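A short write-up of the structure that comes next.
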Amino acid sequence: MGIRVAVAGASGYAGGELLRLLAGHPEFDLIAATAHSQAGQHVTSVHPQLAGLDLTLGSTDAATLSDADLVFLALPHGQSGTLAARLPAGVKVVDLGADFRLESAEQWTRYYGGGHAGTWTYGLPELPGARAAIAGSDRVANTGCYAATIILALAPLIAAGVADPEDVVVVASSGTSGAGRNPKAHLLGSEVMGDLAPYKVGAHQHVAEIKQATGAASLSMTPVLAPMPRGILATVTAKRRNGGDPREALQAAYVDEPFVHVLAEGVWPHTAATSGSNSCHLQATVDVDSGRIIVVSALDNLGKGAAGQAVQNANIMFGLPETAGLSVFGVAP
Amino acid sequence: MGIRVAVAGASGYAGGELLRLLAGHPEFDLIAATAHSQAGQHVTSVHPQLAGLDLTLGSTDAATLSDADLVFLALPHGQSGTLAARLPAGVKVVDLGADFRLESAEQWTRYYGGGHAGTWTYGLPELPGARAAIAGSDRVANTGCYAATIILALAPLIAAGVADPEDVVVVASSGTSGAGRNPKAHLLGSEVMGDLAPYKVGAHQHVAEIKQATGAASLSMTPVLAPMPRGILATVTAKRRNGGDPREALQAAYVDEPFVHVLAEGVWPHTAATSGSNSCHLQATVDVDSGRIIVVSALDNLGKGAAGQAVQNANIMFGLPETAGLSVFGVAP
Amino acid sequence: MGIRVAVAGASGYAGGELLRLLAGHPEFDLIAATAHSQAGQHVTSVHPQLAGLDLTLGSTDAATLSDADLVFLALPHGQSGTLAARLPAGVKVVDLGADFRLESAEQWTRYYGGGHAGTWTYGLPELPGARAAIAGSDRVANTGCYAATIILALAPLIAAGVADPEDVVVVASSGTSGAGRNPKAHLLGSEVMGDLAPYKVGAHQHVAEIKQATGAASLSMTPVLAPMPRGILATVTAKRRNGGDPREALQAAYVDEPFVHVLAEGVWPHTAATSGSNSCHLQATVDVDSGRIIVVSALDNLGKGAAGQAVQNANIMFGLPETAGLSVFGVAP
Amino acid sequence: MGIRVAVAGASGYAGGELLRLLAGHPEFDLIAATAHSQAGQHVTSVHPQLAGLDLTLGSTDAATLSDADLVFLALPHGQSGTLAARLPAGVKVVDLGADFRLESAEQWTRYYGGGHAGTWTYGLPELPGARAAIAGSDRVANTGCYAATIILALAPLIAAGVADPEDVVVVASSGTSGAGRNPKAHLLGSEVMGDLAPYKVGAHQHVAEIKQATGAASLSMTPVLAPMPRGILATVTAKRRNGGDPREALQAAYVDEPFVHVLAEGVWPHTAATSGSNSCHLQATVDVDSGRIIVVSALDNLGKGAAGQAVQNANIMFGLPETAGLSVFGVAP
């Protein structure tokens, strides 16, 4: 018998992707999935792509989830704290929400409002020292989707002294699934197809998380909603330091990583190549005109940016092969 | 050591999807992949979604392929015959092209032109008797993508006497990957986005294949190019016979099938739910105004319509579990 | 001073397109536009594409509208009757809703529910005799979007005795703006991009309107939501009668029409070529296999299918050049 | 009789948009349109959206064009010089290519290769002093599409001393029509839908033009291909100077402009709202974290970025109302 896992908040896009990955996982047995307003429905009413999976959504409460060895929380920001506190200590938890990502209560309140629930182990395994910390934790805070994209691009460059942590400039575009499944007029297909729309300019909540994980001192971030269901493309620029080679710094950081690929020289990442996978593609250059380092990072916001990342963390927490149940390869075209 | 497999014609979209599936298959070892003008290139230059797969494309000749236990041919129509003839008898072959699908040489010449290469076992396992035939064959002709979509919808209704084989009317829309990877002006993103464009109206080559496999006597088919990379949605209508229930006929035909799902009553298939999977979704009703049966069928043209179907056939040919290396679940949104 | 016009229900997609057309119309002066929940907002808050138009939305009541010489009603189905009854008799009205399209109260109740408001002159000028009727009317019921697409394809063929009015089969795909602007989960960009989704299969409310205007005796219609903001593509098939030539029948019907174009032989309509215009593109053939006539019709559901059609009707009602303020040419790519 | 105009290079996307605009222009009479390999074809074979326009494409030579009062050149970069030299001196010319935009022959050769053809009046009317120069010129070099988007955002801020001309960082995404109509594999719909793909990172040829027109001293530009046919969204960031207010500087620069709209505070431009129009939408803020100015600029690359801009220039050259034949309003959704 495998490891018993449950998903709280299974009706959203990250929740659906988690169910897809868990249904195909060799070691995890999906024993429960819960929802709020859609509790009681068959999973295929909510996620028609899961036709063939026989599962009814339960209601999101601690009792339904406590039989599991591992619970994934895919709840709206601010709702994980209360539920997590009611789960037995022996149940391992990966939280896909923002509640436990930040070390600073002040930063939490600034960006999310309300009280800070606490700080869990930050679940980005490719950061130095992160694997051991995750392996030793029962509670892990999964990264934000923009944050994962940008941190993987920036952290090694600042750590290696190649990029100046001051005055980092980021423009990152996301597919619409990153905006969630609540019906809002500006997210209608009629509005988003054929459109690029910036939002939260200079005020995105992932800035705090990115600075915490990379050591960036100041960072301007412009998020843009792009006309595609999945994918994030981040362009990260920083002033070059010490004449360092940014591509070499990325290669050194990720040479042994199964999911982070520094592409062949001159080949730039694009989002479609990562769709449906847990991979992140990276490339870097030095801009001929300004001398700035430009790094481009691409991943699937529901994959390495959310559900795939969560499964990778869970694999580490249970001592499984890190790639179990995950795909390195994108579904393209 | 696993079963050694090779892919001829790996640079196209069906070839790329085959490589993705084979790279994750538990029993097949991918030993070679070949191409024409892109021979000699690393696979990731051609399929960037396969970053992490270390493979260089060889040239498409019998010598490169003869070491394999199984060869997939994903070549342009008309090119499989010559190559297949040069492969050793002991090598099993699945042809994704049209060369060996038709029993009638006259129909072949009418729709494809040139001489007919021959007839292999038709590789749609869900047809009555097909599994045994495929299991006993060394050479299998994979279905066409439109053909698979339409045959799965229509064959059981004609067989059960519920649908009249005369005057079947089909309108089917396909994502652009079905039109291949050769650069043509009308397939540019600028042209296809925001556009629905019919083509080969009343003259599509799959009509012969569909009639052969379903027993339809006359069939009008209008194919439409749709603004999405993957997926086929077919609306199949036929006159109702004997007051039969089309949904029951579909359910009876597919009750034990892992990849063909008759959806809950009133729920209609849509393509995105099948994307990246080997599943086909079906629903049927009787039109209130005309009394015609309407069946809607959805699948991924590169999955159940091409590469996934080919792997399913290969699994049967080697006595493996039919679902090995394939996903029932779509990647959505 | 020009003709004073007002738009009731200006916050939806058809309403926005009306405002765009009216703002550029040489004879109509836009004096008021009203909305329900968005009354009081500047028009650019609701329709950012109208930046440069200085207009605040009023509330939808008869008082606001009665100063106009002409009122366009772009309200949800069932709401036009009450408002129209309160407008002065001297105010001309074009209703973009369904309330006054049907002659049969029984059909109205079957498809829309509730009581039938009445029957106005049917506003499709290209139908025989329609121009004179529209010119002589103060109240005109604009066509439905699917209805316009299909009627323009089918009416001349039945009238000329080329197509059998029995057993017409239609599959028609629409861009998402046809589904309106109310936020619903299945209309989110994440859901509709990459997807084709049938709905109201065999039960669409436009069937009654199409039969009334064409003389079709029975008609099976499958509507499909397509991943694009605008456009309808209808494939209309019917049994051929008397060996007639469907393309010649279309050409004869539309030879003098400025907005209906029968394309060069062998060239098939596609939606993008009509986007933003008031044009409808048509082509027809006889299917080689079944002998059925296949007609394909394309138009912009917000143009010739709604707002453009309404302006064309209004031009006729005021004795203006029929093309005033309208474009024959699509915005493509 | 109106002003006789001709279009050389009418088969591409900018050429098609020019034909659409000129066919509806109140003062310009379209007397000829030429092409290279498609000379001799009816215009609707090349631009099906122009159904209803009776015009056959001529061949691109001086004789065909010399009867015009005004010639638009929409040729591949590097081909305008030779043709322009052969046109009579009395023929006014607007060149949509890059040949005559740059003052520096050295910069021309660096970015485009080959010899520099010369320098014409730079055709961006909203720049200080530009209108008078354009009105007095017989030869005008239209802006590049990225260049127009970025210059309109940046020039007033540097001129007003609000933005530091050093270390400007730009990320700009374009719809695929900006990449032209030549069939290339990476521009296929299957590739671009669902994808964001950077290219020419740090090496785009418009950098020289932007620096020339804005006074920017160093500028890093990352262009990205976005999954939509039309539109450019540019995010332009620069260090703030003197505590200035970037939004006020934009408002001061554009208060009287018909086509450049600084949106209401807090409302961000998005591309769809400008589609089909000659408008540019702008917004600016100061980033809370980095103190950088962030300006976002949106326009239609075929409108204000190419054909619309060219018509605006031509209107000025002939003393016509600047908005003649152009729309301020976008076609949305």
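As written, the chains take the letters A, B, C and D, and residue 1 is the first residue of each chain.
In this section, a residue touches a chain if its C-beta (ideal position, glycine included) is under 8 Å from a C-beta of that chain, and two chains touch if they have at least 3 such contacts.
Remember, it's a predicted structure, so these values are computed and weren't measured experimentally.
Engineer: What chain is the most remote from chain D, judged by the mean position of CA atoms in each chain?
Structural biologist: B
Engineer: Of the chain pairs B-D and A-D, which one is connected by the greater count of C-beta contacts?
Structural biologist: A-D
Engineer: Measuring centre to centre with CA averages, how many angstrom lie between chain A and chain D?
Structural biologist: Here chain A and chain D have centroids separated by 38 Å.
Engineer: Need the CA-centroid distance for the pair chain B / chain D, whole Å please.
Structural biologist: 44
Engineer: Quick one: which residues in chain C touch 2 or more of the other chains?
Structural biologist: Residues 13, 175, 177, 190-191, 193-194, 227-230, 270, 272, 275, 333 of chain C touch two or more partner chains.
Engineer: Please give the residue numbers of chain D that touch chain A in the complex, ascending.
Structural biologist: Chain D reaches chain A through residues 167-169, 171, 173, 175, 190-191, 193-199, 201-203, 207, 218-222, 224, 226-231, 233, 235, 237, 239, 268-272, 275, 283, 285-292, 294, 296, 298, 333.
Engineer: Please give the residue numbers of chain B that touch chain D in the complex, ascending.
Structural biologist: Its residues touching chain D are 13, 175-177, 179, 181-185, 187-194, 227-229.
Engineer: Name, in rising order, each residue of chain B that touches chain A in their complex.
Structural biologist: Answer in residue numbers: 13, 16, 20, 23-24, 42, 44-45, 47-53, 176-177, 193-194, 229-230, 258, 261, 263-264, 267, 270, 272-277, 279, 281, 327-333.
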